[in-house]
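Several structures are given next for inspection.
In the two assemblies presented below, subunit A is common to both, partnered first by subunit B and then by subunit C.
And then the complex of A and B:
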C-alpha cells in the first residue's frame, strides 16, 4: 500500500516538474489606446444560406474590441525562455466555418499540432492558408464533408482566406510553444503552468503588429502583464 | 604565382565553393539528367526577362505581363501531378516548360532541346531552399477513364452544382460566376476563372490538353490561385464524370463528350431538386 502511494507521488513528480518547483502564471489584459478604425460591414447577400444566419450586421474582424478598451483576438505567447517541449500536443485545435465566418477569427496552435477544419455551412468553402514559410495549399470543402485534418510544421502567422467568399478572412498563429493564449472579449489572457525562469512574452495583433515584455517567474506566483496597442485611426 | 593572381585564384575558389551547393542541383526525367550550372546560362538567355535574375518573377518585362511570371522563390507551382501544397515532380516542371501556359505570356519552349529544358528545370530548383529539404509529393493516382455516356455527363453536371464549381466558373462555364470578379491570386493580383466556352477546337486548359490533364487540374488544384484541390472530396469515378461534363461546356470544341450529348438531343436532364434558380447545368 505504502509503496503504491510512493509510486503515485513519484509518477506525479516525473510527469509535472512544475509541481516540484511550483508553477507560475502570467496573466493580464490587452487594451488599445486611441480610436480604432471602424470595421466594414460585410454584404453576404450573394450567399443567402449564410446571410440568414445573422440577425445583426456582420463586420470585418481586423480589430475586435470589447468594453473598457479591451482588444480581442490578440495572440499572447512565450517567445523565449519556454521550457523545451519535445512532443506536439495530442489535442487537436478546431477552425470552424459558420455563417461564412471563421470561428475563431484567430486560431493559435503549436507547430505540428493537429488542426481540424470544419464546414458547418450549407455552402462550399475553400480553405486557402496563404503560407509563405509553410506550404501553401488550397482545399475545397463542400457542405456535409468530414473535417479536414492538417498541420503546419514551422512557426508562422498565416493569413487564411476563402476565395469563394472574399470577405472571409482569418489567421492561423503557428507557434513554437504550447504556452499561448488568445485574448478574450474582455482582453484577458492567461499563461499557466510556468516553471521558474525568465520569459519573453510576445503579443501579436494582425493589424497592429507585435509587442514584447520580459517577465521573471520565481515560484508559484501570478504575475500580471498588460499590453496596450496604439490604435490605427484610418 | 604572383600575389595578384594568387588572390584572384582564391577568390574564384571561394566563389565556386559558395555557388556550388545550389548549382549542383539536378533534375531527372527518363534518361535525361539536367544540370543547374548549364541551366543557369540558358535561363539568363531565355527566361530572365520575365522571371528576373533572382527568379522571383520580377524581370524587366514583368510589369506589363498578366498573369505575372511565376515566382520560383516561393516554390508554389500551378501545374503539378502532386497534391496541393506539395512540390511538383521534375517531370511536371519539364512538361510546363515544353508546353507553355495558354492564356499567358509563357510560350512553349519546344524549340529548345530536351537536354536544355531539363537543365532549366534543374536551375529553377535552385531558387527555393524547399528543394533541399523536401521531396516532391507522390503523383496522384488517375484510374483508367470510363466510357463517355449520358449517364456520366449527367452525373458530372450534378457534381458541378454540388461542388459549386459555378460559384466562380459560372453556370455555363464562361468564367462569370458570382465570385469571379473578386478573385485574386496569392500575390493579390486579380485573376479570372477559366472560361470553358471560349475558343474552338484549340481551346486548351492551362495544364494540358487531355482528359487526364483536366482530371489532374481539379484534383491537385492550381496552387497559388483560388482554384482549390478536390482530391479529398471527389471520388475517382465521380471525378471522371465531372471531366466528361466539363468537356460539354466547351461548346465550340469537337469532342466525344459533345458527340454523345448531341446524339442524346443536346440537353442534360436536370433533377428538379438540384435545379438552381436561374439557368441549369448546361
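And then the complex of A and C:
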C-alpha cells in the first residue's frame, strides 16, 4: 500500500514540470542570405598579456557565421504569449573577460537575474554597459579581484564596452522571459517546455535588427521555425 | 658657524652641479644622457638639451659659490653692522643680476629656436608618407590612405569601436574609405619622411616617442601635425604623456620602423585584415 502511494507521488513529481511548463518545443535555425561584411582583425599589441593568449588572429564579432550560412549569436526569445513567470531565476549568468574579449559575445538573461562579471586577465578591465532604459554604470576590475555581481531590472538590449580596451565589445540581452536561446555555431536554437498557446517569437541580431514570427503550440509537439537575415556587405 | 655653513653650501652645490653638467651620476649606472636618437632632427634637440644642462649647471654652481662667498664674508659681521637692503643699498648688483639672467634665458631661446623651427615651421616634404593618428581613451589608432592615396572622409557619428571603426568611416557610401588601412601600431619605412596628422577623438592626449625626440599633444578640435624621418630599424614605444583619464597609464602603442621591403609586406598583410 505504502509502495503504491510512493509510486503515485513519484509519478506526480515527474509529470508536474511538464504540466507547469508544458511540453511543447520551438526549435529551428538562424541563417543569413547574401554576403556578410568582412570582420576586421583586432590589433591587441598594446596589451601583450592578452595578445599572447591568441594563436590565431582575433576578429570583430558583429556578424559571426558558421557552416551553411549559419548565423551565430542571435538571441531568439518569446516576446509575447510567454507563460507568466513572476520569480526570477536563482541561477546567475556569467560574463567573462578573457584575452581582452568578452565570453560570450552575446549574453542573454532574464530581468532581475544575477549577472556575474569575471576578469580572467592579467590586466585591469572597466566594464561599461551602455544602458539607456536600465541604470548605466561602469566598474573597474583589476586582475585577481572577485567577480562583480549586478542585475538589470528592465528589458533591454545593452551594448557593453570596456573603458580601457576600445576593441572589446559585447551585448547583454535582458529579457522579460526565461524562454530564450542564443543561436549556436550552426545557427540552431531551441525553446523547450512551452505549454500550449499562441506565441510571438523574436530573433535579434546586433547588426541586422529583429524579425518576428507567430507560432501556435498545441500539446507536446515540436515546431520548427527558421529565421533568415539579409546580410549587409558593409 | 657661518663659515662652516658657507663651506656646506659650496660642497652641496658642487655635488649637484657636476652630475648635471656631465649628465651622469658617477656612483651608479644612471646616465642623464637621452636614449639613442633615431631621427634626423634629434641631434639638434640633444645638442640644445646638452647646452641647456651645462649652462644651467654652471649658472647654478656660480650662484651657489657666490652665495657661499657672501655667507663666508658676513660670518664675522658685528651685531650692529649696517645691512644693505634692496631697494636702496645693493641696487647695482640686483640690476646686474637681472640683466645677466635675462641675457642667459634669451640666448638659450635664440639658439634653441633653430631646433624647434626645423620641426614645426618647416612643412613636410610633398612626397612624405601621409599617416593619420587618432588618440582616444585609451589607445592610439593609425590610418594609411591605401592604394588610392586618399583618406576617406570621417564621420564622428559613425565611430563604432566595437566594430573596429575607430575613425568613423562610411565604406558603404564612401568609395575612398574602402581601401583605408587602420592599425593599432605605427609602422613606417626607415629613412623616409613621415607626415603624421594628429586628431584627438575625445580629450587631450600626447604622442611621445623618446627615440624620435618628439612629444606633441593631441588637442581636441585642433588637428596638428608633426613630420620626422626615422633612421634606425626597430620597435619603439609610443606613450601618452598627457593625463587623459583612468586608463592613461595603459595608453600606448608601438612604433615599428621597418626596411622598405618589410614595410611593403606589412602593409599588404594589414590591407588583407581590413
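In the analysis below, the second predicted complex is superposed on the first by the 212 of 234 C-alpha atoms of A that agree within 3 Å, B and C clash if a C-alpha of one lies under 4 Å from a C-alpha of the other, contacts with A are read in each partner's own complex, and residues count from 1 in each chain.
FYI, contacts are C-beta pairs under 8 Å (C-beta built on N, C-alpha and C of every residue); 3 or more make two chains touch, one makes a residue touch a chain.
Note that the structure is a prediction, hence the values are computed from the model and not measured.
On the shared subunit subunit A, the superposed partners subunit B and subunit C overlap sterically. Using the contact criterion defined above for the overlaid structures, shared-chain residue A:132 touches subunit B, although it does not reach subunit C.
Of the two partner chains placed around the shared chain by superposition, subunit C is the only one that A:169 touches, whereas subunit B remains out of contact. Put simply, more of the residues of subunit A are touched by C, taking subunit B and subunit C as the two choices. In the superposed model, A:124 makes contact with both subunit B and subunit C. By the touch criterion stated above, A:46 is placed in contact with subunit B and with subunit C alike.
Residue contacts after overlaying the shared chain place A:111 against neither subunit B nor subunit C.
Looking at the shared chain after the overlay, A:141 reaches subunit B, while subunit C stays out of its contact range. In the superposition on chain A, A:60 makes contact with subunit C only, not with subunit B.
Taking the listed stretches 25-33, 241-249 or 259-267 of subunit C in turn, the superposition on chain A shows a clash with subunit B for 241-249 alone.
Shared interface residues of subunit A, touching subunit B in one complex and subunit C in the other, are 46, 123-124, 126, 140, 163-166. Subunit A meets subunit C in the complex at residues 38, 40-47, 57, 60, 62, 123-124, 126, 140, 159, 161, 163-170, 207, 232-234. On the subunit B side of its complex with subunit A, the touching residues are 74, 76, 83-86, 162-164, 167-168, 178-179, 182-184, 186, 221, 223-233. Interface residues of subunit C, counted against subunit A in their complex, comprise 136-140, 161-164, 166, 171-172, 182-185, 246-247, 250-254, 273-274.
On the side of subunit A, the complex with subunit B involves touching residues 46, 123-124, 126-128, 130, 132, 135-142, 145, 148, 163-166.
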